[in-house]
Amino acid sequence: MYLNSIFSDPVRMERLVDIAQSSFLPLIEATLQFTLPLSIISFIFGLILAVLTALARISTVKIFQLIARVYVSIIRGTPLLVQLFILFYGLPTLGITIDPFPAAVIGFSLNVGAYASEVIRAAILSIPKGQWEAANTIGMSYTQSLRRVILPQASRVSLPPLSNTFISLVKDTSLASLILVTEMFRVAQQIAATNYEFLLLYGQAALLYWVICFALSLVQGRLEHRFDRYVSR
Amino acid sequence: MISIKNLHKKFGQLEVLKGIDTDVQKGQAIVVIGPSGSGKTTFLRCLNTLETPTSGLVTIGEQTVDFAKPLSKKQIMAFRKQSAMVFQHYNLFPHMTALENVMEGPITVQKQNKKLAKQKAEQLLIKVGLGEKINDYPFQLSGGQQQRVGIARALALEPKVMLFDEPTSALDPELVGEVLQVMKDLAAEGMTMVVVTHEMRFAKGVANEVLFMDEGRIVERGKPEDIFNHPTEERTKRFLSLIQDTD
Amino acid sequence: ACSGSKEEDPTTDDASKSEDDVLAKVQEEGTLVIGTEGTYPPFTFHDASGELTGFDVEIAREVADRLGVEAEFLETQWDAMFAGLDAGRFDMVANQVGINPERQESYEFSDPYITSTAVLVVAEDNNEIKSFEDLKGQLSAQSLTSNYAETATSFGAKLEGVEGFNQAIELLNSGRVDATVNDNLTVLDFLKQRPDAKVKVIDKSEDAAQSGLLFRKGSGAIVEEANQALADMIEDGTYDEISEKWFGENVLE
Amino acid sequence: MYLNSIFSDPVRMERLVDIAQSSFLPLIEATLQFTLPLSIISFIFGLILAVLTALARISTVKIFQLIARVYVSIIRGTPLLVQLFILFYGLPTLGITIDPFPAAVIGFSLNVGAYASEVIRAAILSIPKGQWEAANTIGMSYTQSLRRVILPQASRVSLPPLSNTFISLVKDTSLASLILVTEMFRVAQQIAATNYEFLLLYGQAALLYWVICFALSLVQGRLEHRFDRYVSR
Amino acid sequence: MISIKNLHKKFGQLEVLKGIDTDVQKGQAIVVIGPSGSGKTTFLRCLNTLETPTSGLVTIGEQTVDFAKPLSKKQIMAFRKQSAMVFQHYNLFPHMTALENVMEGPITVQKQNKKLAKQKAEQLLIKVGLGEKINDYPFQLSGGQQQRVGIARALALEPKVMLFDEPTSALDPELVGEVLQVMKDLAAEGMTMVVVTHEMRFAKGVANEVLFMDEGRIVERGKPEDIFNHPTEERTKRFLSLIQDTD
């Protein structure tokens, strides 16, 4: 190879360290200002949507089933990039203009809603029928059964796959730059564009994503531990 | 206390209950026996409207319902309140302690005062012999203990009638006794009970009457000693020979 | 951000009626919304303090000033820039968009505000390619839609399609292509930032390409206004100042 | 809004139809030539990797567990784009140069391997212990039990989540353009770059992706049906 | 046929088998009873090396193994081949038909000729009364039928000893008989069997001896009539009173 290893070149090494140091702060800022809020808000809305969609899929009302199916099929079947594109640049031609951040939240929530709905549907279906019946028998309504008996148990089952969904979401927020939200990955690109150290900056961005994922896995561990209170091992 | 007239239940094409007529006096304990698939579980579930009967006129406690007619949710709820169900596999809520399981109905559904509901739940758990275990989760309890929580949970609803679907058949042999004891006590206190069970100790010792079901019909009905010793129907005889010692 | 001023204007109006809209809207709102990439130094990029700056940014800001309105820059990727202009998210794009007939079919350009020449970049240890003529049969990394792709093919190069200069340089660095043809100003900036980069400029072309500010088709009067502003800037020396600042020379022609 | 609906403008409408017609062929070509082969090959390699990783996670050998955990954590915790970037533009600085298509296959396989390993791990763990014991009891070795008893049943359980992984993969292949594989989405971008109808071309690309996903869901349905042979409903 | 000397099994700190000494003659059917948790299942599983004993010298058929010493995979396989296990919950392979379940061991493990293995499997299924069901999947069979496939699958391995762990306790009462019948036939043919069961019909009618286990030890051993009618140990008495009719 004609490129020497960067480690054997002290000047370049120093330059890289300098760049890495000075770029961490803006990257972290963008993470805190956009990447994380966008992820968290979208995830919350997405989960609500997902529960509703899952219930629609499970329901016996054909039209609810159909709407839910079509929604999930479209969202999962087409790239997120295109969805954001249409939401942000397509809708204005129909007279609907949404600001960048809300548009991003809508786009990502719709995405999470579709993916998570399958997880939640499976989780709800995995709760033994006897639990519904026991709830019924003590006189609970559908909503009460869901809220007090089924969803608490389904949460336990769906925690690992939902944390996957969240991890994907966090990384997908990098697409928000396409619709004018300057999230962390875009900042990395901006910095790299001036110093041409793409590998370094992308590496830093990856590290930050990884830290978020790692933090998430800790949270997940604690939640699982809490749930495990009532599960034998 | 219970009166059933021409109760039918179909699953799609399959007619599982083909016209049940019977009634149960207040304070009586009735045992239902019969081969697998004969409709015993379906019968009990119809009484608690876990399955909606296809037709039939059923009275439990103060509520009479004609299942041939469309029913409102409210009617069903009022009817269901008359009875409480104990399941073969307990079906406790695994994410709630014994106490929370028993309190759940009174608090969430009947909107009772929390403190009172808790007191009552504790008393019920003491009654079924689980005073020490009120804060344990189901997985920490043996099968027999879980089933006793299940009974306490049903009792907390203050039903007129208790329905039991093979309450001991998932239990280790030496744990059966403790659940039967609780059921015997209940019968002695005058609780009206319908019990699906093949446990001869209960059928012979406690039941006021035994009902033999086959293919969705009540084939024979009588005092336990009569049914077990001198069944009149051929089907009853055949079935009893299968479940009793043959040697 | 983009709704508002036109409510009294029935939207069922035909296309010709919307001709004058952009200028009116810009003046009414007091802001000119400008789309740009923000990742293309020295034309549009973020300086060490994180501020958006660059030659195109300053030119666009000056144009807004002369229109008597605020400049508001919105940043996004190349493809989204065009979509954003179409969707009315931006009034104008300032991002070194080269003037060519294909683009003119769909968009309107201001008068050119910069002229750049193509340079040939190869790896430092490449001794085979010495001029554009040596490109024949070599693999050159080019953004397929840029004018430089045509330049490269005209000398017989095979093309490797890339998304931008950065990727071309990465390919050159990793030895995956033999050369890239690009705008000399971009290459100069790169070499300033990465003096240690193992690449060299080996030839300069005669052909020059011009870039202009980009508007939607039918933007109407605002294009003339922008042209006027550019002409004024050139006239009173402001353009020269900006150009000197970024390139140390006048890059208009 | 100041933009009129395109539907009221016959000239523009006609232009859009023209572009759509002429671009479908190249898009389909690119799908058949790159997007699909890349997806399928990577998925196959990824699955093999995923099974091995899942077994490593389940195994009692601590070092296997650790390797598998680190691998999964890194791949899931960092963006695919960065992984491809490092693989393609980073490795050459260490003297390793891989061609675009193989590099894409490696990158995507590693990705699928990490995500699918969690699915497969869960599926294997969901098979009742009694199945392992029954296999043991008739004298099967670990590999025999796995091949004849556990994996066939785990396939049934993991089919829906794996089809999710495949769907994601198909769409993720659009990132391959970053490392010079001119897959379908890249072709859409190239065409749009000449006529500036990004919305239209992206919509067409989305449609093609959706068709693939839809076809997949049909395949999935058939497979589930086949599996259902031995499952009561 | 079986000889066990000082068999110990610990799970971590918990000692579940605390020194089992016993032997079983060829052709004998032994029933093991005892309270839940006393170690009956663990005992059987140790004989089939589904659990590896902590120590103990065990002979089954032609193989003797000292579990205090490290063992090679081959030794364990050879030892395991001597016995075959029938589980409480059948553990049939759900993705294989009855026939495939029975053929799986001979073909995959013992590499027998497919055609011969198939013939033998068919014969075995006919023997357990399932000649009509050979191409059914487990979910299509009743519990009793599934358990009979389980027995056929075990027999196909041609073991010296058959081990049964509560083979009827998951069955509907009226299906118990058909499985017991197959087991009785086996015993009559002279198969050596160790059966954990609380099914008195089998214990009293078929077993040559009954073994009572408690807390990891064999507390009492004797002929069925002796154990059930005149148990000598206090623990045995207490246990028998729990599982037998008390009224």
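The letters A, B, C, D and E name the chains in turn, as written, and every chain counts its residues from 1.
Heads up, the rule we're going with is that contacts are C-beta pairs under 8 Å (C-beta built on N, C-alpha and C of every residue); 3 or more make two chains touch, one makes a residue touch a chain.
No experiment lies behind these values; they were computed from the predicted model shown.
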Could you work out how many touching-chain steps separate subunit B from subunit D at minimum? 2
Joint neighbours of subunit D and subunit C, given as chain labels: A
Relative orientation of copies subunit B and subunit E, as a Cα rotation angle in degrees, nearest 5: 180
Tell me the chain pair with the top count of C-beta pairs in contact. A-D
So which chain is the furthest away from subunit A, centre to centre on CA atoms? E
Would you kindly tell me how far, in whole Å, the mean C-alpha position of subunit E lies from that of subunit B? 35
Chain centre separation in whole Å, for subunit B relative to subunit A (CA means): 47
Centre distance in Å when subunit A and subunit E are each reduced to the mean of their C-alpha atoms: 51
At least two partner chains per residue is the criterion; list those residues in subunit C. 3, 11, 80, 83, 86-88, 170, 173-175
For subunit D, jot down the residues that touch at least 2 other chains. 1, 3, 89, 92-93, 97, 198-199
Using the contact rule from the top, write out all pairs of chains that touch. A-B, A-C, A-D, B-E, C-D, D-E
Under the stated contact criterion, what part of subunit B meets subunit A in this complex? 48, 50, 77, 80-81, 84-85, 87, 89, 91-96, 104-105, 108-110, 137-140, 153-154, 157
Subunit B residues within the subunit E interface of the complex: 35-36, 142, 172-177, 198, 200-201, 204-205, 239, 242-243, 245-247
In the complex, subunit C residues that touch subunit A: 1-3, 11, 38-41, 45-48, 50, 74-77, 80, 83-84, 86-89, 123, 125, 166, 169-170, 173-175, 190, 193-194, 196-198
Quick one: which bits of subunit A touch subunit C in the complex? Just the residue numbers, please. 1-3, 9, 11-12, 22, 26, 85, 88-90, 92-93, 95, 97, 99, 177-180, 182, 186, 189-196, 198
As the complex stands, subunit A meets subunit D at residues 1, 3, 5-6, 73-74, 76-83, 85-86, 89-90, 92-95, 97, 115, 118, 122, 160-161, 164, 167-168, 171, 174, 185, 198-199, 202-203, 205-207, 209-210, 212-214, 217
